[in-house]
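Two complexes are shown next, each including chain A; its partner changes from chain B in the first to chain C in the second.
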Partner chain A sequence: MMQWRVLLQKEWRDHVRSLKVLWIPLVFVLYGVMQPVMLYYMEDIMKAVGNMPEGFDMGITDVTSVEVMASTVGQFHLIVSLIIVLSFMGIISKERKNRTAALLYVRPISFSSYYFSKWSGATIVALVSTIIGLLASYYYTVILYNEVDAWRIAALIGTYSLWVLFVVTVTVTASALFPTGVAGTLAILLTYFVQLIDSIIGQFWTVSPWKLGTYAVTWLGSKPDSSDFWLSVVVTVIAIIVLMFVGVFGARKNMENIKI
Partner chain B sequence: MSQLLQVSALQKNYGQHEVIKNISFELTQGTATALIGPNGAGKTTILSMLAGLLKPTNGQIQFDGIVGDPRAAIGFLPQYPQFNSWLTASEFLIMAARLSGLTAQTAKEESEKMLQFVGLKDAANKKIGTFSGGMKQRLGLAQAIIHKPKLLLLDEPVSALDPAGRLDMMNLMKSLQQEMTILYSTHILNDAEQMTDQLLFLKAGKLVEQGSLQDVKAKYEHRQIVVEFKVVEEAAQFVVKSTLSAEQQGNIVILQTDDMQQVIRELAKETFTIRKVEQQSASLEEIFMKVAKL
Partner chain C sequence: MSSLLMMLLPIIIIEFILLIVALIDLVKIPETNGPKWLWAIAIVCVSIIGPIIYFIFGRKQV
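Then we have the complex of A and B:
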C-alpha cells in the first residue's frame, strides 16, 4: 500500500505538471456542452449563414432534453476512448523506453503496486473528466431545454464510468505489454474499432463491454433490458480484472527490456 | 572480514548469443572492487543481474547475511541515470527512499542529508529536467546510497564526467568505502588504481584475470629499473660499464633487472649526477592492454 501511495503521488505530479488534469477535463466539457448548445442555436446559426429556402423547417426546435442528452453522449462517445488512449498509451512503455523505470525497478517494489499506481492515476483523471463532462452537458441541457430526472443521469454516468474504466484498463495494460506505438494501436482497435463493429453487427448479441455506451443512453428513455445490462456489467468487470492481472504480468515480464 | 556476495557460474544468453560466460567471484564486506574491461565485455550486464534488473540464464547470485528482498540492500547507479524530469531532486530522492522502505520522516531527513553530501543542496527544489550531466550523476549517486545499502553497484560512475567532476565523484566514492561494499565498472584505469581492493578483468563475457591490485600488478610486473642521469654522456658511460643488460634512451637508462641493491652499488662506483632511480611497476593501463590481448 505504501509503495502504491508513493508511486501514485509521482503519477499525480506527472498528470498535474504535464497539465493532463487541465486539458482532458476541458476537452470533455467542451464536447459535452457543444451538442446541447449547438442544437439550441442551430436555427439562428442557419439563419445567419443564410441560403435557407423560404419556409424551410429544420424540425429541431422541438427536440426533447432526453434526445439532446442522448445525442450528446453519442458525440462524447466518439472521442472519449480516443483521448484516453492517446493520453495514457505510453504510461508504462514510455518509462521503459526512456529508462526512468530502471531506477524504480532496482528498488524492492512489487509490480502490482507499480501497475496499480499507473492505473489509479489514469483512472482518476479519466473518470473525473468524464463525470465533469457529462454533468456539464446535463447542466446545459436542463437550462436550455427542460428537466431530466437526476437518477437517470446518475445511472447514465455510472454506466458510462464503467466503460471509461474499461478503456483505461485496456490502455494501461497494453502499455505494460507493448511499446508505445503498438500499445496505442492495440488499445484503439480494442476500444474504438470493436465498438464500431459492435454498433454495425452488434444486434446479434446483447452482452459485451462495447454495449455499455448504448446502455448508458437507454437509461434516459425506457431503461436497458435488466438482465442484458447487468450481464454486460459483470462481463466488463471480469474483463477489467483479467486485464489487470495481464498488465501486472506484462510489466514484470518486460523488466528485462529496459536498456540501461 | 566476512563475505557479502558470492557469484558462481553466472551465465547470460540472449538467444544463441552468450553475453556472460560462466563467471564466478566473491565480494568481501567493506571492499571496493573494480570491474574492468573493454566496451561490450559485459560489465553492465553483470551489474544489471546483481541489481535484479536481469535474470541470469544460469548460475547463482548469493547474498550472505541479507534477508528478504536483496534489492533493499543494494544501491545501483546506472551509467546514464534517467529521471522523471518533472520531479524535483528532493521529490525524487524522497520517493526513492520511501520505495526502499524508509518512513516518510526518515526519507525527508535522509534526502536533505544526501543532497548536502553530493553538493546539490541549492538545486534541491529544481526540476531534474534542468540538471546538467554532472548533476544528474550526483543525484544518481544520492539515490543509490540514500537507503544505506550494503552493496553499492556503480556502472561507469566517472566516465561521462570532466576531470573536476571525476575527482569529485572519486572522493565521494572513497568516503563511502567505509560504510559499504562497492562494485564499480570503469575503463578509466587511473581512477580504478586509486580505489581498488580487488580487480576483475572482463573480456568478451569471460573473467580473464582477477585478484587484488598488488597481486595482479606483481603478476604483470616489468622487472625494470630506470635510472635518469643529468647528462647524456654519463648515461652512455654507465651503459658501457654496467654488467647488467642496459638500454640507453637519451639521459635515461633502462635496466632489465629488479635488483635495486646491485644497481645502486654499480652507480656508486662512479660520481654520476643522478636525478632519479626507480623500480618501474606496470600501470593498470599496460596490464589492461596485455589482458585485453589474451
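Then we have the complex of A and C:
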C-alpha cells in the first residue's frame, strides 16, 4: 500500500510534467461543448457561410435535448478512446526503454503495486476528464435546450465511466506486455476495431464490453434491457480484473527486456 | 449575435489555452520528434487538432 502510494505520487508528477492533467480535460470539455453549441447555432452558421435557397428548412431547429445529448456522446465516443489509448500507450513500455525501469526494478517493489500505480494514475486522469467533459456538455445542453433528468445523466456517466475504465485497463496492460508501438496498435484494435465489428454484426449478441457506449446513450431515452445491461457490466468488470492480472504478469515477465 | 459570441467564448478560450500551453511547452522542451519549427506551424495553423497532435506525438516520449 505504501509502495503503491509512493509510486502513484511519481506517476502523478509524470502526468503533471507531461501536461496530461491539463490538456486531456481541456480537449474533452471542448468536444463535449462543441456539439450542442454547433447544433444550436447551425442555422445561423449556415446563413452566414452558405447561400441557402429561400424558405429552406433543415429541420434541425426542433431537436430535443435528449437527441442533442445523444449525438454529443456519439461524438465524444470517437475521440475519448483514441486520446486515452494514444496518450497512455507508452505508460509502462516507455519506462523500459528510457532506463527508468532499471532504476525502479533494482528496488524491492512488487510488480502488482507498480502496475496498479500506473493504472490508478491513468484512471484518475482519464476518468476525471471524461466526467468533466460529459458534465460540461450536459450543462450546455440544459442552457441551450431543455432540462434532461439528472438521474439519466448520472446513469450515462456511470455507464460511460466503466467503458473508460475498460479502455484504460486495455491500454496499460498492452503497454505492460509489448513495446509502445505494438501496444498502441493492439489497444486501438481492441477498442476501435472490435467496436466496429460489434456495430456491424453485433445484433447477434447483446452482452459485451463494447456495447457499453451504446447502453450509456440508451439511458437518455428509455432504459437498456436490464438483464443484458447488467450482464455486460459484470462481463466488463471480469474482463478488467483478468486484464489486470495479465498486466502484472506481463510487467514481471518483461523485466529482462529493460535497457540498462 | 452577441449571445452567439458569449456561447462561443468558452470554446475560443479553451482553444487559446491549448495553443498557448503547447507553444510554451514547445519553447521549453529540449527536443521534439521532428523539427521544432514544423511543430510551431502545426500548433498555430491547425486549430484544436494541432496542439493535441503535438502533445501526443511531438513530445519525446521514447
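By definition in this document, the second predicted complex is superposed on the first by the 260 of 260 C-alpha atoms of A that agree within 3 Å, B and C clash if a C-alpha of one lies under 4 Å from a C-alpha of the other, contacts with A are read in each partner's own complex, and residues count from 1 in each chain.
In this text, a contact is a pair of C-beta atoms (placed from the backbone, for glycine too) under 8 Å apart; a residue touches a chain by one contact, two chains touch by 3 or more.
Please read all numbers here as calculations on a predicted model, not as lab measurements.
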{"item": "Touched partner set for A:Pro108, first chain B, second chain C, both or neither", "value": "first"}
{"item": "A:Met2 touches, of chain B and chain C: first, second, both or neither?", "value": "first"}
{"item": "Touched partner set for A:Tyr40, first chain B, second chain C, both or neither", "value": "second"}
{"item": "First (chain B), second (chain C), both or neither touched by A:Asp14", "value": "first"}
{"item": "Touching partner for A:Asn98 - first (chain B), second (chain C), both, neither", "value": "both"}
{"item": "Which superposed partner A:Val182 touches (first chain B, second chain C, both, neither)", "value": "neither"}
{"item": "Which superposed partner A:Met255 touches (first chain B, second chain C, both, neither)", "value": "first"}
{"item": "Touched partner set for A:Val128, first chain B, second chain C, both or neither", "value": "neither"}
{"item": "Interface residues of chain A shared between complexes with chain B and chain C", "value": "18, 98"}
{"item": "Chain A partner contacts - residues on chain B that touch it in the complex", "value": "44, 48, 51-55, 68-69, 71-72, 74, 76, 78-84, 86-87, 91, 95-96, 98-101, 140, 143, 155"}
{"item": "Residues of chain A that touch chain C when the two form their complex", "value": "18-20, 22-23, 26-27, 29-30, 33-34, 37, 40-41, 44, 83, 86-87, 90, 94, 97-98, 144, 180"}
{"item": "Residues of chain C defined as touching chain A within the complex", "value": "4, 7-8, 10-11, 14-15, 17-18, 21-22, 25, 48, 51-52, 55-56, 59, 61-62"}
{"item": "Contact footprint of chain B on chain A as seen in their complex", "value": "2-3, 6-7, 9-10, 13-14, 17-18, 98-100, 102-109, 255-256, 258, 260"}
